[in-house]
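Each in structure tokens, the structures are laid out below.
The two complexes that follow have chain A in common; it is paired with chain B in the first and with chain C in the second.
What follows is the complex of A and B.
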């Protein structure tokens, strides 16, 4: 028998204390937290119902319009339209819409939280030094490790699924916002200072617009990561396509899992098309080098 | 052209700049006699500028010249406080700009000084006219009014028709015209031009120099112009300051610097200049010389090179007439050769 590392302190007691502390946190704050996140829950369910109860062609039209607004070219619009029709033909429209609702909510919240954080990081080296290890932890910690506490706090459902998705998906938008702003040509920044720009004016007239292609790459990655979380999120009651995959595994129905998986891939392609063509348009507007 | 009695626009008094963690202490060591190399080695501080005194007069083009690392770009950035000095004072119209708080400083940058950059530094995501409007919009001018002003400036630099283009669609020369229009648009009294033409190819550069001279004649701005090119300095500068290793070596008109270089460094610097194109006939006219009647005449502001033509046709001497209409003397080929001979 191997001896292993000597037990210097009582780890079991530490673990028990940690559990007790968390349990009392759940008992005391669980309801309050649920109340706080009620508006977010309403937002997701509203979005999901809207997408599911609208006629399919109106949803399709909305997607195509959004693609046009982002790309200003017809090719991606046609591609997105065709991919959505395929999704419908696979017979998983409603599940896909539930997934879209969760993913959109997670992406929107990630951007709303992540962009300001990234901007703050770009402006403060101290904050950056503090944030980088936190982001590393968020990206390497196995998802189940924080899934469990979220479920204990909120009970199984959409909110813990959303929060876990955000934790998993937010790092790229934060990192790339920080990177994009730090990479802005210092001469252009200096010029704006020389013409009397305040730091807020510098942010909105120079830093954010010039960092936009990089920020968009971050948002794109965040979207993809949010989408890849849906299978795992379905285990805690998020529903949608992920739930179909889970059922496929549980019932050993290869077809169910395969079709739902294909649906997730189609959604990924759709959102990637939209984000990328927007990114390309922003990039083209910058005309960075030469003609 | 500004005369020596126009009021001082920018006065620089004992300005020093040290880069590093503790510049004040490092500057004290320099004042105590430590030189640049030792400062770097022993304290890891870089001496950027040391004890600069300058008077830049209203309406003149003042050229600050030096090679790379001489501190010229650092110096020009003190005039709008993009860089803060470690010691010394900077007076603008007699007012100490180092005393300005953040708000005053912004207003000062928006209205009093404008800057043109070596690599243009235009906003790539904005059109030509939006770039020219930039400074005006920062100052809160209504869009319609800013557009009107910007339109006029674009016309002035000869870019009408390109208002809706993006910078990257324009050539380097055209981009720098946008940079110039952007600086002129704010109607600032002082233009700071940091190697503004150095990135352009020679023909375009010459066009831009001529255009700047012409604009200056019309607008009468005070221009501080940085360059590493002596020909450019002599062409544009009413006064030239020569900077080396962060200290001023000589300040004077182009002619003064050519005739009497203050030290070996300046002398080596000016050695290869075509002196005939810079030195003026008036400076070398001999008042005691008697000329034959019918001798050709030349203005005192003409360069020696312009007198060559008359000598080539066989004239023994040319009469030099000053701007006031009085004859100030005469020049012989002998006199011209003496002026051109390197000491």
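What follows is the complex of A and C.
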């Protein structure tokens, strides 16, 4: 108690003031914030109910079609189909669909927010300088620090889980969009400018397509990080596979935790296959067109 | 080599504490071996662990150390390895199977009931809910008054907060949900973790909004947010046993049996340190007082150790009855 850094200012009073400010924020704005995010919640629950309501073979078909659209090769399609059947055989179909809904919503929102941010960062050095430390903080701040405040602000359930997942998973898509666009060969840009392309045309017809493999790698990482958040998200009432893992841990039922954990791994492989084969195809196309 | 060194160090320490204890002549730890005390993750159990540790080391001169724990892991380790030596707040019903095994094996015994009123589980609401809606008195009034607890995330249904996943209470609340016929009116919402359950209460109270769900007392939350337990009929043993079973065929409404919360102690301690065992057998706190102490701790952001010191300083009437006067004097002296 005597050693350590001298107490120069009253940290405890500061902490209390911070807590009071936060509590009044919750009291005044909590309900408004919850209402603002209600459409997002409807989207997730709609997606979840849709996935659980559809017969399993239709979901399987949809996944296989999406894989085909992304890969245009039959091997990944078969792999995704087999893995989904395995998921069903493990007896965790409904939980897996709840997890897929949350993860898809988090990924879609991350891409919708992250790609424009990444593009803006690539075009402005000032914004990049400001954003990089923010992204570093988002990736290193322990999740529990903001998880419970999110619950206080948005009410327990899927919304805080979704927001926490986005905070955790969005940095790769922002970073890699920025990186991908900055890596586009300046000579190609100069050539396109010589042909009279406007800055906007340059962005959409030259920079983004050329950066696509890198951006896809970012989206893939974001998906994986969103998936790795499901256990933590279920600690604030998000349900799904993570909830099964939690129950398994708490009841010391090794089997339950293991099966649900295996389910998460299967989902990770499925989404990784889809995203990677798409990225590979885009890259292959670029090279073909380049030659 | 290091083992012998540690033993000699322990012996020296024991000798010195003996020497210190000599003038008083009465209080003596009785054992030179390390006494470990389980410090559980929640505030009341952690604070009680600190209280025990302070009394043992300052009052009896024991070599008492805290050891992090949680209900299930601690009970399992007490059963299999007889460590930690003392668990001051062990919720017996949560680890009934391990507890029964310990009793059969005889290596752990219950020294005392730590809470005078027992552990209180049930459905709780903030006190203002009862003031604003006097029609709600017991758990059986919930079905008719679900609108009060309607949740905007799921319109048309009230929200009933369940216990955290894997807790025994989760099974019991789920059965209550069926027994009270709340399927059509209440969504049984799993908070996912004890932290989230607490946060949901904090949010509701900050907004002065209704909240109903599982909680337990004595706890800092009950004291801080002024939660009131909804009335229940008297507990019927047979009906309640069915409620604790995840496969209960026909759950019936009954009272929640008072939780057995024990000061669990490894039996060897009784022979090694009879005076310490004597103290542990008297260790008991009244529910309301301990909730108030815990609420003080939560309000002031105090650590478990600070809460323990606060308790020892301000609730002398309670703990001085546990120990002989000379031990109390030494504990008191150590606080300053």
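Throughout what follows, the second predicted complex is superposed on the first by the 285 of 291 C-alpha atoms of A that agree within 3 Å, B and C clash if a C-alpha of one lies under 4 Å from a C-alpha of the other, contacts with A are read in each partner's own complex, and residues count from 1 in each chain.
FYI, contacts are C-beta pairs under 8 Å (C-beta built on N, C-alpha and C of every residue); 3 or more make two chains touch, one makes a residue touch a chain.
For clarity, every value in this text was computed on a predicted model and none was experimentally measured.
*Asks:* When the two structures are laid over each other on chain A, do chain B and chain C clash or fit?
*Replies:* Fit - chain B and chain C, as placed by superposing on chain A, sit side by side.
*Asks:* By residue count, is chain A touched more by chain B or by chain C?
*Replies:* C
*Asks:* Where does A:90 make contact in the superposed view: on chain B (first), on chain C (second), on both, or on neither?
*Replies:* neither
*Asks:* Looking at A:197 after the superposition, I want to know if it touches chain B, chain C, both of them or none. Which is it: first, second, both, neither?
*Replies:* In the superposition, A:197 touches chain B alone.
*Asks:* Who does A:155 touch here: chain B (first), chain C (second), both, or neither?
*Replies:* After superposing on A, A:155 lies in contact with chain C but is clear of chain B.
*Asks:* Once chain A of both complexes is superposed, is A:30 in touch with chain B (first), chain C (second), both, or neither?
*Replies:* Second partner only.
*Asks:* On the A-aligned overlay, A:179 touches which partner chain: chain B = first, chain C = second, or both, or neither?
*Replies:* In the superposition, A:179 contacts neither chain B nor chain C.
*Asks:* Return first, second, both or neither, reflecting whether A:250 touches chain B, chain C, both chains, or no partner chain.
*Replies:* Second partner only, chain C.
*Asks:* For A:206 in the superposed arrangement: first (chain B), second (chain C), both or neither?
*Replies:* Touch partner of A:206: chain B, not chain C.
*Asks:* Rounded to whole Å, what minimum CA distance do you find between chain B and chain C in the overlaid structures?
*Replies:* The answer for the closest chain B-chain C C-alpha pair is 46 Å.
*Asks:* Enumerate the contact residues on chain B facing chain A in the complex.
*Replies:* For this pair, the touching residues of chain B are 80, 82, 106-111, 113-115, 117, 119, 121-125, 134-135, 138-139, 166-169, 182, 186, 192.
*Asks:* Which residues, counting only chain C, touch chain A once they are in their complex?
*Replies:* These residues of chain C touch chain A: 72, 152-153, 164-167, 189-193, 195-196, 199-200, 202-203, 206-208, 300-301.
*Asks:* Which residues of chain A touch chain B in the complex?
*Replies:* Touch list, chain A to chain B: 185, 187-188, 190-198, 201, 205-206, 209-210, 285-291.
*Asks:* Hey, which residues of chain A end up touching chain C in the complex?
*Replies:* Where chain A meets chain C, its residues are 12, 15-16, 19, 23-24, 26-27, 30-31, 34-35, 38, 41, 144, 148, 151-153, 155-157, 159, 234-239, 243, 246-252.
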